[in-house]
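Everything on this sheet refers to the single structure shown next.
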């Protein structure tokens, strides 16, 4: 297996001076090409900050306090990286809420094309970038992409917006895709379609996926390996099927019990109508 | 799509709203001639006229009718472009406005240009260096500059910039386009000095919001940065509050233009208005005030339409 | 989470900054007020006394800022001008506040037609070049004679200010009443027989007092500036009353040589204005945090 990303001993702090608090501590992660690593934990467990540290987009009040972040280079070897150089063509990210993560005043085709121009190593003209953007929209399953490219985000459905978001993340031709709760804001049926799409992209493009969620059902569906985060640390780590079948850490066990209870509720509820793209 | 239909409806509604507003504005402007103490016919004819002559002129001018009746006849004449004649020169008010319009338009345009050119980089620097010295300076100065008298700032610029350097004329508007350009520089600077920090502060606040938004982070995650980030994601999204602010401030801007025309001896609508007002030339005063009032209504209309153009989501009121 | 931390940090830092601004502004304004009250003691000469043998004198020990074209002492005129400018400025801020509070309270409590009229009026004044209109009105009204304790030219200026200054206060109090009305405990109190007047006194006024105070301070400065500007244009305080804007206009012709005759009154105006702005801004900073 060829590693794309290796994180060792990562610590993130929030606040300054005496007020500084360590919200991520001693986190180790590794993602291979064509593999999906699920990171699971409740909100506040530090999983989102870990992801934002990897892509170098921490909020103003937070910073990396310790640890090594290494990414695969052109020679296939892992090396320390400057996230600003890697964003787009090395590491990209799909956000939770496509309504707020898409620029409300710019046509979605242009936003994808922006990523093509900025994120790729090779230069592309605006015209070429638009064509590539329409190709990406086709790849992520947006019907009639040439027309949709001219739409503004608020004119699209939630599922289509998330597909646009994924096309945007793919615009720089990245090798690692961070997915931060990409289906939480969506209907259940649309959620399945998006998970299927991400899985297909992983195989087709040999993408590494770093998939963050609090939903064990989702993680079971998409990931090969799983890392459980609790209170800023990774408390359990292993093959998804094994961890879920036989949790070693009490926190994982309680998560699984809670998920099972919710799953029971959900099967009683009427399923939401299928989304018409 | 339905959204664009909503936009047309918005524009239509907004245009309709200006009709009662224009009526109210014309009523206010009309009142200028009514607050003047004494008989206006007497003022025009002078102290030597007989009472019969005064009564006759009052009747001719309709001053013996009810105020509302006078207002409607004023509106009727207005629709035919008839604003009356100047009590001092006998010229038609329309021609007075026509001959003095150009310098005022030049000044307004130069001030707006200078304000925007100064405000955008100031706001951007303050937004990207939050809590830096420029940020604090901008916060305080945006209030303090409003308290500097523009006429005095203008005079100081004349005395300590125009006079020693000779780069700019000390007064007047000149003959050629190059003259015009040079003569509006200092007045525009005086006014932009008051306006730019205010606009910059508003821009800075919205830029900070935009910088912290999810979509800027998402764009940065695709590798967009620097100038491209500014142009593609930030400028347009942070413009709306500043456009609204400029629209609200346009009355202040026009008053500033009036004051600076007097300060720099530029014979535009503003200095003509002051001359007419001081000389109790009521119809000229009324006509020019009407021009300024309509300009404000128009600017507010244009600003609202701009907001729709900037943000495709704006369709409701 | 991170947003909260940022907010905490700002609170701690901008409170003392607000106080520093307030103190600096208060010192400036205080000096002006004292000089205005004790003008006859502070000023070295009579502001109206002409000394035709000593016209356009350079600054000297006898005349610190020189004399004008009629031989009047510039410093004394600047000091006496404080009286006119502050008097008009304060009235132009307080009277609209009273009027606006009453109108806003009426609109807020009675709603319906009264509210519609007030909101329409607010819209109108906002889409109208108010200051330009002042200028036209002042010319048409002419310089009024002295009125009660007001000097010549002061009454028309105050009238036009009252006509538009009430808006901010009316909007402030109307919004607060609409907000407070929705609160459950106020609705319960009204159902229990608490009168509108007592709701106003107990629940509305305390909430708007701080903001009103800030507006009044800032408005005093803006009113003084407007008065000086109108006087500069020849539409405010008539000669020979000393007023800063009028002094700038009177001495304009001498600007190339005796520049201090123009710079000094404008500087006095600017410094007082900045002082008031600092007080208002500092108060705003401090009140927002408490």
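Worth pointing out:
Here the chain labels run A, B and C in written order, and each chain numbers its own residues starting at 1.
One rule holds for everything that comes next: a contact is a pair of C-beta atoms (placed from the backbone, for glycine too) under 8 Å apart; a residue touches a chain by one contact, two chains touch by 3 or more.
All of these numbers come straight from a predicted model, not from anything done at the bench.
Compare each chain's C-alpha centroid with the centroid of every protein C-alpha atom shown, and the nearest one belongs to B. Taking the CA centroid of chain A as reference, the farthest chain centroid is that of C.
Taking each chain's centre as the average of its CA atoms, chain A and chain B sit 50 Å apart. Taking each chain's centre as the mean of its C-alpha atoms, chain A lies 56 Å from chain C. Taking each chain's centre as the mean of its C-alpha atoms, chain B lies 22 Å from chain C. Looking at chain B, no residue sits in touch with two or more other chains. Shown for chain A are the residues in touch with two or more other chains, namely 60.
Taken in their complex, chain B has these residues touching chain C: 21, 24-25, 28-29, 32-33, 35-37, 140, 143-144, 146-152, 155-156, 158-159, 163, 248, 250-252, 254-255, 258-259, 262, 273-274, 276-280, 282, 285-286, 288-289, 292-293, 295-297, 300. On the chain C side of its complex with chain B, the touching residues are 21, 123-124, 126-133, 135-142, 218, 221-222, 225, 228-229, 232-235, 245, 248, 252, 255-256, 259, 262-263, 266-267, 269-270, 273-274, 276-278, 280-281.
Residues 1, 3, 130, 212-215, 217-225, 228, 232-233, 236-237, 310-313 of chain B are the ones that touch chain A when the two sit in their complex. The part of chain A that touches chain B in the complex is made up of residues 55, 57, 60, 84, 87-89, 92-93, 95, 97, 100-106, 110-111, 114-115, 117-119, 151-152, 154-155, 165, 168-169, 171-172.
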